[in-house]
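Next up, some structures in structure tokens.
Shared between the two complexes below is subunit A, which pairs with subunit B and subunit C, respectively.
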Partner chain A sequence: MGLIVAQILTGLANAAALFLVASGLSLIFGVTRIVNFAHGSFYMLGAFIGYSLMQVLPGAIGFWSSVLLAGLLVGVIGVIVELCVLRPVYKAPELFQLVATFGVILVIQDLALMIWGAEDVLGPRAPGLKGIVRIMGEPVPKYDLALIAITPFVLFGLWYLISRTRVGILVRAATQDREMVGALGVNQAWLFTGVFFLGAALAGLGGAVQLPKGGADLLMDFNILAAIFVVVVIGGMGSLPGAYIAAVLISVLNVFGVAYLPQSTLVLMFVVMAVVLTIRPYGLLGREEVVGEHGQVGEPEQPIKPAGVKARIAVALLLLVLALLPLFGSKFATILATDIIIFCLFAASLHFLIGLGGLVSFGHAAFFGGGAYAAALLVSYVNAPMELAFLLAPLCAGMAAVIIGWLCIRLTGVYFAMLTLALAQLLWSLVFQWDEFTGGDDGMVDIWPAEWLSSTTAYFYFTMIVGIGGILFLRHVAHSPFGYALRASRDSARQAEATGINTKRVQWMAFSFAGAMAGVAGALFVFSKGSVFPVELEIARSFDGLIVVFLGGVKTLAGGVVGAAFLELVKDYLTRLEYWRLALGILIIIVVILAPNGIVGSIRKLAQRSGLVKNHYE
Partner chain B sequence: MLELSGVNSYYTKAHILRDLGFSVQAGQVVSLLGRNGAGKTTTLKSIMQLVKPRSGSISFEGQSLTALPPHRVAKLGLGYVPEDRRIFTDLTILENLEVGRQPARDGVYEWTIDVLFDLFPNLKERRQNRGKALSGGEQQMLSIARTLMGNPKLLLLDEPSEGIAPVIVEQLAETILKLKAEGLPVLLSEQNMHFARIVADRAVIVEGGSVKYDGTFEDLDAQPEIRDTYLSV
Partner chain C sequence: MKLKKKLVGLVAVSAMALSGALISTAHAADPIKIGEINHYKRLAAFAGPYKKGIELALEEVNGAGGVLDRPLEFIFRDDQGKPGEAVKIAEELMERDGAVMLTGTILSNIGLAISSLAAEKKYLYLAAEPLADAIVWAKGNDYTFRLRASTHMQASMLAEAAAATDAKTYATIAPNYAYGKDAVAAFKKALTALKPDVEFVTEQWPALFKIDAGAEVQAIERAKPDAIYNVTFGGDLAKFVREGTTRGLFDGRNVYGLLTGEPEYLDPLKDEAPEGWTVTGYPWYDFEDGDNKTFVDAYMAKFDERPGIGSLVGYMTVQSIAAGITKAGATDTDSLVAAFKGLDVDTPVGKIHFRKQDHQATMGAFVGTTALKDGAGVIVDWSYKDGADYLPSDEEVAKLRPASQ
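And then the complex of A and B:
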């Protein structure tokens, strides 16, 4: 009994930082509709800044003022990010801003590396709270008790601010209808900045306050990111009490998980989220998001059309040059081109889902990695010839997409995105932890193509035919009646239903199809590398896809492919630099600000304005 | 006090307002009349800068509005009540009013919550209710009251009588006349000719995004062909 109480107390103490960070994310999303990927980075900065301050400021007063100052400073950093990076792109299509925040992550990672070095930092213990207290015979750190005591006050303070003050009323009003708040004389731009300050400051506080328990390291930004998204979604977007309950739930379960079922810890929170969302699609205390409630963001969708003659000729020429690459390029260039084509196919399949289906999936890597693993398992265990494994892999990925899609399609918006993330994460942890079957962290090796494809050149041509064939097939489907039905379901589900389209079924089919096409890319990938590791199923791989789709232009058919090729080429060059993340992050931010419609979309706009290209819909 | 001339506004590519121009004088209630799609709502949105006109000038008390963001336009004293009311459904009535609150202005009637509750007794009874619990008529009252909390110098009312029970429409007409008696000028858009002539001093008929008639209702009665051409009665 005593042990269980002690474990619950540990869970409650762990919930403190998680709640602080998650509530900031929830606030920022609620008002600005920005999915702030950089929130984990604010948390990390809070920890490092708090650590540095604690080195200078002595005693208990020094400790607690360091925590508060760290929060304030991170809040100011948040304001800088909002003013410099996000304000220029508020009018861009919804979710485009997440690309910008991804750039911020990279920049902050390298800046932290420059300032604090690569070594993990051990957090100082809180003066005056160093010892333990025995509760029912079990030792409980005093600092844990302090955290447990403080958190409800923070929750109350935030609740009071949001529900009882004028600022809180304005924030809630802006959550619902920003434009109307502006028309009533409130400068909502400053309201946004204020919310960003508060959200970032909460993340910074969370980072500083957990120092005595967890210290600071350069991985903590990504490590907490998934957890805080899960907390916000389980609690219900925009609900502070919900975030608190979810943070406690996750933290307490996690403590028990570590004690009794250690292999569950990687996936526990995602299982909880999947269960909660299946029962309550909008989280514990959330409410349904009404589509279109927040008004149209950006310009209306432009109809897409098949490429014109000139564009076809240009693409044909480009392909011709690509086909000649093995003849005059180096072996390295051929391998790079193979990688790029594979990534382009992956991006194109995700673009199909996001751009045409309006289904923003945060877990598309499940199908890329799924296809790769399916092929590898077939080769390893049933000695399947490469050709057979290559044919079956997309089917396996497609089947996985059928199942995951069935679970996710009922949800919309951010909830849909988060459930895809959770289920992808489940698949990842399955592969990661099932050592005997999948090799776990060591991956699967010796998965080579058949004899006739064993040379780099032969495999390059194979990739070109399959990969580019796949991309063209995706384009073809976009222009088929199925593509029309999919776009109709995206633009107006109600009207589409009224014309006899079963929108949920169309979306489910699109999800499965996109999954299968990602599986093709995965199969191409595994045979080109000869191996596959769990990293291909990771959140980071899903985010890669997401970034290039938006960077290339989500509202243009070529966006995914162009974005993928661009990023892959740039990365190949930049990763040779010492601080390549900084360079890449700044580059992404610059592209985002200069090309708010994505690379393809913005180039087209420019061309239309200068009269080079006619706009057919005028 | 409000002057529009040569205003051209677009929704992305659709040309909605074409060289539209008219003015509102202090103390007047002016009604924009016209069919669905004539450009009435776009006119009001263009004044508020919720739709940015591509050309033409809009000025209020001599100050140009065309480069300003909507919140600055509101701060100058233009109170906007949108067609679909756009109350904050998750906020209580009191909170909705709080969003609209702005400091008092020199020489302008200063509205308080108590005065507004006298004007709209229904709202007082339900002041702790959330916006989504209100009927259409109550939402309209709330939307007007919320805008009055900003102590406007000129009120822009977009189709206030649309979709509201006839009894409430009568109350609404009385309310607008009371506002006029307080010296608050009003520019309202209407399809309901009957409602418009009860409250308004002047009619401005819009069709195809330009002004087709600008004058008194009496003069309009003398020209039935204008009424028949531009208004569906």
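And then the complex of A and C:
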């Protein structure tokens, strides 16, 4: 009994930092509709700044004022980020801002490395709270009790701010209808900035307050990211009490998971999220999303149409040059081109889903990695010849997409995105944990192509035919009746239903198709690298895809491919530099600000304005 | 006529000799390039000192005239933590930059990816740092060699120390990924072989760098073990130690820590470093004379900071490569692979040997007991264990390594 109480207390204490950070994310999303990937970076900055302050300020007063100051300073950093990076891109299509926040992550990572150095720092202990208290015979650290006590006050303070003050009323109004609030004379821009300050400050507070239980290191930004997204989604986007309940739920369950099922540590929270979203599609205390569905923000989209003759000739010439690459380029240029084509196919398949289907998936890596693993497993276990494995891999990935799609498709918007993330994460942990079968994170190695494709040049041509063929096929499908039905379902589900389109089924089919095409890319990948590891199924891989789709231009047909080629080329060059993350981050931010419609979208707009290309509406 | 012919011949020969000399001087200035891939950004605490160790050794090697009369040069690249990316970089280093061989990688999965590439494309790969046993055994191949003492070797050293005590029940805690699993399996196997009646009462598997330390400590406490075997490191270790100390988990228990005594992991703990743990590590502060001391002094003179275990590994990597190329007398892969088999290298820790049967070097590890000295964690009563004593017999290796059958 004593032990169980002690375990619950541990869980409650762990929930404190998680809740602080997650509530900030939830607030920011609720009002600005920005999925702030950089929130983990604010948390990390809070920890480092808090640590530095605690070195200077002495005693208990110094400790607690350091915590508060860290929160304030991170809030100010949040304001700077909002003003410089996000404000210029509010008008961009929804979710485009996440690309900008991704750039911010990279910049903060390198800046933190420059300022605080590479070594982990151990957080100072809270003065006066170093010891333990015995509760029913079990030792409970005093600081845990302090954390348990503080959290409800923060929750209450936030609740009061949101539901009892004028600022809170405005914030809630903006959450429901931004434009109406603007029309009533409220300066939304500063409201957004204020919310960003509060959200970032909460993240910084969370980072500083956990110092006595751990410390600060350069990996903590990504390490907390998945957890806070899970908390926000389980609680319901935008709901503070929901975030608190979810943080407690996750933390307490985790403590018991550690005790009774030690292997569960990787996957537990994603299982909880999948279960909650299956029962309550909008989280525990969330409401159905009313605003901000895809396509409603920004200018109306121009209908896509097949490329004209000039464009076709240009692409054909480009392909010809590419086909001649092994003749004039170096061997490495061929390898690089192979990599880029594979990534382009992956991006194009995700773009099909997001751009045409309006289905923003955060877990597309499941099918890329899934295809790669399917091929690797077939080669390793049934000694399948490469050709057979290559044919079956997309089928396996497609099957996985059929199942995952069936589970996710009833949700929409961010909840859909998060459920795909959770299920992709489940697949990842399955592969990661089941090392007898999949090799765990030691991966599967020695998966090389058949003899006739073993040379770099041969494999390049193979990739070119399959990869570019796949991209052209995706484009072709976009202009087929199925593509029209898919876009109709995206733009107006009701009208589409009225014309006899089963929208959910169309979306489900699109999801499965995109999954299978990602599987093709995965199969190409595994035979070009000779090995596959769980990182290919990871969140980071899904995000790679997301970033390039938005960077290229989600509302253009070529966006995914152009974004992927651009980012891969730039990365290939920049990663040679010492502070490449800083450079890449700044470059991404600049591109985002200069081209708020994505690279392709903005170039087209520029061409239209200068009269080079005709606007469809004219 | 004859004379003229002779003269022409003479001129031609001397011209050829001259131009040959010119070419070879040009050749001498041409560096031998080594491709080095590592996790420089995300694991900078380890990779930074490692890189400095390489720089120090390069300075010494090139100051003494280089290798085969040519300077040795390293090209450093960041792997971004992605095996696929590392494979691409490896090919670029070999195909575009003209590297003669590859080395590096602290992450085991990246080591395995490059090792597989090396076998397919016939590149020589010296795995400097990854610890996974699979690199030389289960997935071992003809083109891959490994320098650092593997998980199996270091775990066996700790198991030997553990077997000497009365402890009967053990708890293990290790990060939930391949290295942690290997480390626990190797320790269990070695300890059970030495002392069949031990019992493992709980195994804890926190997610890497996401430890829930309070919960882990409670779970171990619940099992009431006599001794604890720890494989966590970095931030996980700090949190585990702090929660464990606060809640009295380590009182009266023997604790064994893999890598815990390495400065990279012990230093961040400062005055909260655990005392009395038996660990593998690197006591750079304790050398009084000999090659170890010479290395530490040279390192501190050059960089004005303490070396880590990474520094030593980086330094020894260059020494091994220089020795290998010198022995081969050439830089083509086949000669290099032949040279690395059975290669002997003089290093700060003594002579090491790259075994023919599994390509594992016999670099050992320092085993000692943690203590606090001037507000920082150190290891005391340490000794250097030669790696050769902790490697399985040739018959067993043949079984473990399909490639050598």
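Heads up, the rule we're going with is that the second predicted complex is superposed on the first by the 612 of 618 C-alpha atoms of A that agree within 3 Å, B and C clash if a C-alpha of one lies under 4 Å from a C-alpha of the other, contacts with A are read in each partner's own complex, and residues count from 1 in each chain.
Simple rule for what comes next: a contact is a pair of C-beta atoms (placed from the backbone, for glycine too) under 8 Å apart; a residue touches a chain by one contact, two chains touch by 3 or more.
This one's a predicted model, so the numbers in the text were calculated from it and none came from an experiment.
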> subunit A superposed: clash or fit between subunit B and subunit C?
Replying inline: fit
>> So in the superposed three-chain picture, is A:153 touching just subunit B, just subunit C, both, or none of them (first/second/both/neither)?
In response: neither
>> On the A-aligned overlay, A:381 touches which partner chain: subunit B = first, subunit C = second, or both, or neither?
In response: neither
> What is the contact status of A:332 with respect to subunit B (first) and subunit C (second): first, second, both, or neither?
Replying inline: second
> What's your read, subunit B or subunit C touching more residues of subunit A?
Replying inline: C
>> For A:185 in the superposed arrangement: first (subunit B), second (subunit C), both or neither?
In response: first
> Which angle, in steps of 10°, is spanned at subunit A by subunit B and subunit C when each chain is reduced to its C-alpha centre?
Replying inline: 160
> In the superposed model, how near does subunit B get to subunit C, counting Cα atoms only, in Å?
Replying inline: 38
>> Under the contact rule defined above, give the subunit A residues that sit at the interface with subunit B and also at the interface with subunit C.
In response: none
> In the complex of these two chains, what residues of subunit B are touching subunit A?
Replying inline: 12-13, 48, 50, 69-71, 73-75, 80, 82, 86, 88-91, 95-96, 98-102, 146-147, 150
>> With touch defined as at the start, can you tell me which subunit A residues reach subunit B in the complex?
In response: 166, 169-170, 172-173, 175-177, 179-189, 299-300, 617-618
> Quick one: in the complex, what on subunit A touches subunit C?
Replying inline: 3, 6-7, 10-11, 13-14, 109, 113, 118-122, 125, 130-132, 138-139, 141, 144, 213-215, 217-220, 223, 227, 251, 254-255, 258-259, 262-263, 265-266, 330-332, 335-336, 339, 432-433, 435, 440-443, 445-446, 448, 454, 525, 529-531, 533, 535-536, 575-576, 580-581
>> Per the contact definition, I'd like the list of subunit C residues that touch subunit A in the complex.
In response: 41-42, 44-45, 48, 77-78, 80-84, 87-88, 91-92, 95-96, 108-109, 112-113, 115-117, 119-120, 132, 134, 139, 176-178, 181, 202-207, 209-210, 212-216, 218-219, 222, 234-235, 238-239, 242-243, 246-248, 264, 267-270, 272
